[in-house]
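As written, the chain order gives the labels A, B, C and D, with residue 1 at the start of each chain.
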Amino acid sequence: MKTSKSSGNNAILLLSCPDRKGIVASVSEFIYKNNGNIIHADQHLDSEKGIFFMRVEWELVDFKLSRQELADAFIPLAQRFEMDWDLRFSDHIPRMAIFVSKEGHCLYDLLLRHRAGELRAEIPLIISNHPDLKEVADNFGIKYLVYPIDREIKAAQEAKEIEALKAHGIEFIVLARYMQILSPEFISHFKGGIINIHHSFLPAFVGAQPYHQAHERGVKIIGATAHYVTEELDKGPIIEQDVVQVSHRDSVQDLVRKGRDMEKVVLARAVRLYLENKILVYENKTVIFD
Amino acid sequence: MKTSKSSGNNAILLLSCPDRKGIVASVSEFIYKNNGNIIHADQHLDSEKGIFFMRVEWELVDFKLSRQELADAFIPLAQRFEMDWDLRFSDHIPRMAIFVSKEGHCLYDLLLRHRAGELRAEIPLIISNHPDLKEVADNFGIKYLVYPIDREIKAAQEAKEIEALKAHGIEFIVLARYMQILSPEFISHFKGGIINIHHSFLPAFVGAQPYHQAHERGVKIIGATAHYVTEELDKGPIIEQDVVQVSHRDSVQDLVRKGRDMEKVVLARAVRLYLENKILVYENKTVIFD
Amino acid sequence: MKTSKSSGNNAILLLSCPDRKGIVASVSEFIYKNNGNIIHADQHLDSEKGIFFMRVEWELVDFKLSRQELADAFIPLAQRFEMDWDLRFSDHIPRMAIFVSKEGHCLYDLLLRHRAGELRAEIPLIISNHPDLKEVADNFGIKYLVYPIDREIKAAQEAKEIEALKAHGIEFIVLARYMQILSPEFISHFKGGIINIHHSFLPAFVGAQPYHQAHERGVKIIGATAHYVTEELDKGPIIEQDVVQVSHRDSVQDLVRKGRDMEKVVLARAVRLYLENKILVYENKTVIFD
Amino acid sequence: MKTSKSSGNNAILLLSCPDRKGIVASVSEFIYKNNGNIIHADQHLDSEKGIFFMRVEWELVDFKLSRQELADAFIPLAQRFEMDWDLRFSDHIPRMAIFVSKEGHCLYDLLLRHRAGELRAEIPLIISNHPDLKEVADNFGIKYLVYPIDREIKAAQEAKEIEALKAHGIEFIVLARYMQILSPEFISHFKGGIINIHHSFLPAFVGAQPYHQAHERGVKIIGATAHYVTEELDKGPIIEQDVVQVSHRDSVQDLVRKGRDMEKVVLARAVRLYLENKILVYENKTVIFD
């Protein structure tokens, strides 16, 4: 058999439904009878709310159904269990755009991981409200578009951004320390497809200058949070968090420096989880099938 | 539906077998057709070695088979897939003995967690090579037997220990900072049923006085390791590890003090995993279905 | 020479003052010329605000000045540098009271550490608003007073508590999961001498039921915070914090269980820092000389 | 006053000596009487061995002595206390070479931090036994010399390396995943000036392929260690360590990937400590004045 890592040809099914007997049996039987080999399966039961979640990945080599047939054939089963479901294929490489402002550490980190093969995506486009990081984009041979933002022109600039993103076939946006707030209108075009890194341990220190806030409060630990972007600022579903110890000896600048290392790692982990189809969102939370 | 936490009446199947198509489907179909409701299922594939691992837990309420029928009925399926398998029931409360020497922090911690309902076991017996901790046992109303050990009498004393353990129906032994090495003969009576806490980050600092060794080497982090006891000292399958930062300011005594907090937590987590039937051992490693 | 750990006869000076040349030289010269042997000295400079902080500990064996002479002799130096200062002696064993409600894990932990010699304090008194933990107090031979609290009788009950605390010579109060809010009047009697453990990573999840709040928000890490109690709820100077990873699999009850291990360790560390005179408070923050 | 961070003109004294009364007083008095303003001072007493350690940093603005006079003037005091001592100046920017093989993550990380101003060094030279990372060096405008190594030519190649390093005025070498063992002869030319990153939690998994060893042993945590290079392989003084959790789900390749993030951070911290003159080595251990 082949490993999930090597094979570029797997189907991944993400589903949630009211908990009932027979879900696992029915799904795995469906896969088995069509000659699929399950290589990962993970379940979660929210027993409080009676909701069942599942992620199952199987090899398509020798699978009896074509991709379209597969989706069609699954519908009756999905209806029977009232499933919300999503079918993905591991050989689909999402097209991803990165938004940045002036700080380049997260951008660099993502591009280096991408080059090292850690992130299975195509990155045709970097968008910024500042020209500062164009050189980085050039080094990696990626198009860099600048849309300065201020209150008056924000709507117009975002419209141009959306146009550029669509023109490049972008499915997924990563805000890699992009210091502008996206409008609800913008967000509606990429629903569930925007990940942000916030430089605090949310819900502590929402909004601007979290390291200054943390320093002012005298905390002994700082954090970073990768989350989906929703209309409410810094309130979207949390994907990944991490922390680092600080002390009274650390100035705001030290927090910024220590924080950069966390931000990079936390954002990269979240992007990786997204690209591997391991995140299922429900009720403003995430189920992470890792 | 009921949660796995509240219900005391679940079946748990732990299995490993060569990887093939249809394992998940067959197992879940087996449960479903007998009217079981799966509340947890977790799989792991060691794709290097082609071995598949699974833990599945389902409710026995309304299950069509009695426990004995269940085991019998599963045999053909197990044979078909060449499974190593183990069937357990969540209402079985294992009888556990704790071995200690002079240091009581792990003992106290286990007894308090037990009293708080964190550990589903009966603890009828504490065995020690020293009388020091008898008072703790008395406080918790547990029998405390003392078997001093030295080279000449070790075999004879262990024979008495084994007798006492069998007399109390002990299935599972926790070495909570027991500072004697158990003989292969002793271990053979409780194969796969002895968990030890070693006060280092194994495989670093095997053997005696690991905190002295760590201090001498000048490490910046110390650890603790909970592992199964096998004939080779400190070489058994690792269940759980954790670490804590130290510095040049820490004396050996500081390491001992900091280490105690880790040891307690690491040992308690390992015992809990054991009692919840979440550990599967193969080739001197553990698969933890957590 | 003797170590600070063994000697019970050291002087400890904690000071802060506007930063100027000569502070370290003057203080250390003062100690040296009176025949003191410095065994620890630590400084911190808040360069933003231009404030200098220092903790210095020296042996009193062969010191030329008596304790009272020492304080008097230091005054001119303190005035010259406009110091806030505090002189303490390591052989002074503070009298500490513990406040609890119904949950005993932090109480037990403190009492066991105290018995193990980790906390240099006397603990003559435990106060609670519930009778539940009396047995624990009895086991350790400590007086346990119950003052039920509700809105109408709160002021009167607190008055009785203050009386009991004064009668027992209490200098320092630890709120070990005490679930009542102390009044400003009460706090004013023990200014800078009340430490609380809050079961969240402050400033996230202030107030009641932080684990419920954390679960609702879907965080991936939970925390605990030990802080000084001030009039503003959960806003006092933070002494110590720690965190633990959680996932979508964890119910509120799991967070509570995981949180307990953190709460114990974080509170114990904070109490230990206090008892070793290693905390200096300024502007609602702490300098920890560790 | 100015902060230590902004000022490029400080003196730093690192010393160790037998513990005696008056060391802090004499050193701080020496600085004060010559009109220096201490901005950092840190001490450590190894009370077991009776050795005192100190790091003191002061501003040279308005200091009465020139640098040479300063060193001369300190000699009598150093002799009186039998000090080992080292005097450094914060405006000295060390010249550092980086050694690499084929893996570029640590190299990239160091160069990006250097560019971001985190590492106060000049980096005129990268040396490798492979040509693979030349492009990275080119991107950053740094000379890249290739010296392939095999047993027969090792001595000759090292001689050329030493020549090149001397020609470029290199004082300090960082082995950023350089997969060759340096000869004692080579090391003798840069005694105390070579830092290596080892991809395990030393002393566990010394030598080749530590991630394979870790995977084979089934550990639940992996680590990375930055240490000084001495003649004994992986046995030099440890500067910094960190760890990350792993599970049975992680293949060797996953350990390698997770390990990379640690290696970068641990090595960067160690290099930073070195460049800030915060490390004092004694008896194969480090005192870190951080």
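Just so it is clear, a contact is a pair of C-beta atoms (placed from the backbone, for glycine too) under 8 Å apart; a residue touches a chain by one contact, two chains touch by 3 or more.
A quick note: this is a predicted structure, and the numbers were derived from the prediction, not measured.
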Touching both chain A and chain C (chains): B, D
Proportion of interface numbers common to chain A and chain D (over half same, under half different): same
Computed distance of Cα centres, chain B from chain A, in Å: 37
Whole-Å separation of chain centres (CA-atom averages), chain B against chain D: 42
Residue numbers of chain B (touch at least two other chains): 5, 47-48, 251
Graph class of chain-chain contacts, one of line, ring, star, complete, other: complete
Contact footprint of chain C on chain D as seen in their complex: 1-5, 19-26, 28-29, 31-33, 35-43, 45, 47-48, 50
Chain C partner contacts - residues on chain A that touch it in the complex: 44, 47-48, 201-205, 217-221, 223, 237-243, 247-249, 251, 284-288
Contacting residues of chain B [partner chain C, same complex]: 5, 105, 108, 112, 116, 118, 139, 251, 253, 257, 261, 265
